[in-house]
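Across the two complexes that follow, chain A remains constant while its partner is chain B and subsequently chain C.
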Partner chain A sequence: MTLSHSSIVDKAAETAAKATPAPIAVRVRGLSDRAIAWLFIAPAISLLLAINIFPLLWAVYLSFTNYRANRPNAVVEGVGFRNYQRVLTDPDIWQAMQTTAHFVFWTILLQMLIGFALAYLIDRKFRGHAFWTTIVLIPMMLSPAVVGNFWRFLYEPQIGLFAYAVSFLSGIPTSQIQMLGNVSLAPWAIIIVDTWMWTPYVMLICLAGLRSIPDYIYEAAEVDRASAWRQFWSITVPMALPFIMLAVLFRGIENFKMFDMVTLLTGGGPGSVTEVASITLKREAFETWATGRSSAFAIVLFVAVFGLANIYVKALNKVKQR
Partner chain B sequence: MSAINSAHSVVEPSPTAKRIAGAIVILYALITMVPLAWIFLTSIKSPPDSISYPPKVLFSPTVEGYCNLFTTRTRQTPDYIAALPAPTSTCDEVTRKRNMVIAGPSNFLPRFVNSLVIAFGSTFLAVFLGTLAAYGFSRFKVPLADDLLFFILSTRMMPPIAVAIPIFLMYRELGLSDTALGMILLYTAVNVSLAVWLLKGFIDEIPREYEEAAMIDGYTRLQAFWKVVLPQATTGIAATAIFCLIFAWNEYAFAALLTSGSAQTAPPFIPTIIGEGGQDWPAVAAGTTIFLVPILVFTILLRKQLLRGITFGAVRK
Partner chain C sequence: MRRFTKALLGATTVLTISTALPSVSQAEQLTLCWAAWDPANALVELSKDFTAKTKIDMKFEFVPWTSYADRFLNELNSHGKLCDLIIGDSQWIGGSAENGHYVKLNEFFDKEGIKMDDFVPATVVGYSEWPKNTPNYWALPAMGDVVGWTYRKDWFEKPELQKEFQEKYGWKLDAPKTYDQLKQIGEFFQNRKIDGQTVYGASIYTERGSEGITMGVTNVLYDWGFQYDNPKKPYEMEGFVNSEDAVKGLEFYKSLYDCCTPPGSSNVYMTESADAFKSGQVAMQMNFAFTWPGLYKDEKVGGDRIGFFPNPAEKAHFAQLGGQGISVVAYSDKQEQALQYIKWFAQPDVQAKWWELGGYSCLKAVVNAPGFAASQPYAQAFLDSMAIVKDFWAEPSYAPLLQAMQKRVHNYVIAGNGTAKEALDGLVKDWTETFQDDGKI
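Coming up: the complex of A and B.
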């Protein structure tokens, strides 16, 4: 199982559990362990089969048809791989993939840099660091939709606080700070909000990584008179790397799926410069009602995220084993 | 943990380094709090104050935003308002100053109640199913356990819109569209993967010897689960429940696509609050404030378990 191996889990409990002999006394009365195991696991699995897997298989079926959800009575015909062919050759969809990639790349880069720096500073254990850590964490717990919606107000060029602050610091008139209306600024508007919201997430995982490094390693380096710079690059970064990579994985998957915040901030606009894949998919499925084609697109997205995540987890395992 | 860490001397940062680190982190924390402070301040501003330039930090607070959030209003002539009996509430008074009268309640309260019902309903179900499954995976040799666990996790990787297409069709067939039950089932399915992974971690940490001792004393496996394991897992179950609750509370994509009226939750509703001449920002801010307060409380309660929750139990500590 890929992820549990990748997870930086303290395996001690598991190992101990495996060493324990099989149930000491198998009770005659009551249910057998085997029956209980299935009785306990089956409901959760059945729910997932009904609400996740069955619909997924249905989507696979639909992706080979010309079905349109707004015409339930029309004759449904199989179209073979035509939907996939159209999805993979559609310039709009490639454009959306590129927009998504741009968004994922910059948000991850910024969040890693700021998040790691914050974690490093918090790990200096200054007075009150526990309290301030909790404050720093707040944005990531909030609803991206509800808070993203409010950022529209902050970004308003004439009345918004963001435009005011930027204009105050830079001298650029507020009327020119059209964060959501300007084609070159809008992608950065969503990157800023996402970074504001999710940097704490990266920080928290990096902090766990920094705290997992035993002190004796630094003490040994100190004895060897390694410089602070050298210690940072030869101890801190490599030892925290599996944690940093885990944060990249989680943020990557989440931002690849990004829908709510972007919908409320820009709705994909102006034009389609912020139209990430999920927004294109939503338009195809629930506005154009091209259900068959959008199902094909959905499957392509799922395979992409699943495939990339698997390749990445393999790389993560390699780093961990070093 | 802190006892071990504070024992060293060589690696302890210098007081100056600590002070500089503290100053930067505090500065960052204060800057990231500005949008949230602004939400609250906007919620107690009058509509003209909220859109004045430069943005007002000093103003006389008003409950108008909250009144507008909970009511719908109609414009009336000054003569009509003068002829009305004395206002019975603060909201009446505030509304009349704007030459309007309260026409009735807005949709905010029912949407907020929907959010509560759906979030708590799905959390209860997800934690119930998750606890059982996690115990099963933790204590018994389940064939293909690793594959099943990975399957459970992978359901969470699908983009919500991709899932929403067939769910939309399925719910239309089953009559579950725009119903609280439909949303509860959907959020339960999404949360159950988190619940299983988190709770398996928590239950793994409870020594099996406890149950085995209880079973030697004559308890059946089910009794041991109920009377020994569950009480030990209370903290883990509570933390998991709060994570599920927060997910369901914050969720937007499914809610926006699959509900429109009677089962609509607060997140898709709040952005649609408009007043005369565009978005009524104080009312939106008031709704946002009310919506965010429970999350703030939960974040503070959960702060020690956050790391575990956000990484599906992959990072513990």
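Coming up: the complex of A and C.
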């Protein structure tokens, strides 16, 4: 005797229902697939609401008040858009935004150029390339705290290897190579460290892009006698572009909220030349305790990053569709 | 079956006792929160006597200076129960009193016969009182501290250097009495070769992230005539914070940074300054007095090689107050035991031992004792320094006031942006805004 699939399922359900106490069985039977699906994802959704969405909405609420976290007993009053007005007209905040933009632009540019070049080299599969790939990846495996402290010593004018290397190559005395204390050099000191640490990450993504290009396309191009230069610009770059753009997106979001490395290397100084937006935000929120104003600043940053990321993702999708 | 029941009973009893034990020991344990530094280790040692006497265990929560304020102010603001006792920074007193973080100690002091007159007056005002100069006590002065200087006595005593210095500046190379003298010494040692090593003039506070440069620059500003506000009209800052003298003082601090500090000194605070001295890089070092016992014991630069002097004078003579008082946290469930600790800590013999172990007692009976000045090589400099202390704002809004000063001063002194006048004018603007937000002006 053969039973159809649906009759087997029905029988199993009947057996399960019989084994289950009546009220539960009725309830389970009464649940639709959609309801069961909701039941399964409910814990994850509740967690998301509790630790992501609720704090976000709470921050939006606080941004319209004069609340200060260090004065929990003080009366909280609504201040309308005053916090937003102060944030958007504060020259120090604009300065911090410019510093952030400068940092994001240069780190991404350098990481993309060097990362792609490294990926292109490693993709050639020379002898020992697996070993060199591992070596290149080491910086991104380190903790930012370790990297920050490590580079602080490297930059030290009196004992730092970086200063010695620059001095050896340029003839400038080491005492004059003050990477972290000089207003012009300090932003570059941070860019160098971030590039050193995160270029391997970009390289990995670019390598994935390069390896996804089928060999037959290059073979066809060679049959057509396309030069290596032409192959690079007409095949490699366009086909790896979605990956490169993805790397730009990841690094852009990460660097927009850069905090740890800057804190460890310069603390935002000298003066405020390396004070990126996240440091200003932290100072507003947890040092000056202007919770309402800092919430407004956080919302402005969130909207900026979210908006830019959305526009960028749309552009990325268009590139992918091409 | 009976055997099984017995075994079950036994297991239950063991389980009950083992779960009850931690709560018993928890009831007899106090947590004291402070910064992670040398005096904290001395306090651990000292507190063993308290445990021996009362059977109350002491647990310690020490946090590095760079995150000390962040960590513990967050704890207090969130009404956390981590700390039963806290040795909080002097500037926190206003906020902690007004926001109800600390237990008011007046009644307790009266009941236990603890008199504030028994403590060095400056430390009572600085660490215990809020509002200032009123008999409202929120802490017991615990650790006296003040910014002072150490110098390389062995270098200063080298005959060839003494001769050269005398010829160049016309006075004997010795611990400076004024800032002009200090700068001359700094210039004299800057980039000099001593024992085959290039050395520098002085290490001064320049740190940006927390409170470093403010704790350094105020020593100079006070001496030049800077005042926080009009003594006759509180919170009137125009012409006091940015007076001509204050501008000159700030220009001097920048000139000292430019002429006489080691390369790469753009982010120096207590640890970095002590390290510069210990590694033999600098002839003089600005630092809080708490570093002195450790430096004196240092094999390379301590002993006969080190000397101590209070902050030099100029037009006026002041030094930046450091140090802290010990308070009972209002959110603690063990306030009674915490008060017991304070009562024990206030005793003269405990305070005397505190000084012996490396803590700086604020009790007059200790610091005015006949042998005190000679008890340690740095004791006299400490006494002289404590006699001239002045503190930063201790208002509830001290944090924004501090951050404004950090930014304005660092921008001028280290980054070289704008002029000293612009920096101090900006500071008046920032501070005015803060006090307006607080409804004080």
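Everything below uses one rule, namely that the second predicted complex is superposed on the first by the 284 of 322 C-alpha atoms of A that agree within 3 Å, B and C clash if a C-alpha of one lies under 4 Å from a C-alpha of the other, contacts with A are read in each partner's own complex, and residues count from 1 in each chain.
Everything below uses one rule, namely that a contact is a pair of C-beta atoms (placed from the backbone, for glycine too) under 8 Å apart; a residue touches a chain by one contact, two chains touch by 3 or more.
All values reported here derive from a predicted model rather than from experimental measurement.
Participant: Looking at A:P144 after the superposition, I want to know if it touches chain B, chain C, both of them or none. Which is it: first, second, both, neither?
Facilitator: first
Participant: One more residue to check, A:A69. First (chain B), second (chain C), both or neither?
Facilitator: both
Participant: So, does A:V183 touch the first partner chain B, the second partner chain C, both, or neither?
Facilitator: second
Participant: Should A:D224 be classified as contacting the first partner (chain B), the second (chain C), both, or neither?
Facilitator: neither
Participant: With both complexes overlaid on chain A, does A:Q158 touch chain B (first), chain C (second), both or neither?
Facilitator: The answer is both, since A:Q158 touches chain B and chain C.
Participant: Determine, under the contact definition given at the top, whether A:F306 touches first (chain B), second (chain C), both, or neither.
Facilitator: A:F306: touches chain B, not chain C.
Participant: Please tell me which partner, chain B or chain C, touches more residues of chain A.
Facilitator: B
Participant: Considering only the touch criterion stated at the top, classify A:E287 as touching first (chain B), second (chain C), both, or neither.
Facilitator: second
Participant: Taking the superposition as given, does A:V273 touch the first partner, chain B, the second, chain C, both, or neither?
Facilitator: second
Participant: Indicate the residue numbers of chain A shared between its chain B interface and its chain C interface, in ascending order.
Facilitator: Looking at chain A, the two contact sets intersect at 69, 158, 174, 263, 286.
Participant: Note which residues of chain A are touching chain B in the complex, please.
Facilitator: Residues of chain A touching chain B: 1-4, 6-10, 13-14, 16-17, 20, 23-25, 27, 29-31, 33-34, 36-41, 43-45, 47-48, 50-56, 58-59, 62, 69, 118, 121-122, 124-129, 132-147, 149-154, 158-161, 164, 174, 196, 200-201, 204-205, 207-208, 211-212, 215, 218-219, 222, 243, 246, 250, 253, 256-257, 259-260, 263-264, 277-278, 281-282, 285-286, 291, 294-295, 298-299, 301-302, 305-306, 309.
Participant: Can you list the chain C residues touching chain A in their complex?
Facilitator: 69-70, 73-74, 77, 79, 95, 98-100, 207-209, 262-267, 281, 396, 399-400, 402-403, 407, 410-412, 414-417
Participant: Would you pull the chain B residues touching chain A in the complex into a rising list?
Facilitator: 1, 5, 8, 10-11, 13, 17-19, 21-22, 24-26, 28-29, 32-36, 38-39, 42, 50-55, 129-130, 132-133, 135-142, 146-155, 157-170, 172, 185-186, 188-189, 192-193, 196, 201, 204-205, 207-209, 212, 215-216, 220-222, 246, 249-253, 256-257, 266-268, 270-271, 279, 281, 284-285, 288, 291-292, 295-296, 298-300, 303, 306-307, 310-317
Participant: So in the complex, which bits of chain A are touching chain C?
Facilitator: Touch list, chain A to chain C: 69-73, 92, 155-158, 174-176, 178, 180-181, 183, 263, 266-273, 283, 286-290.
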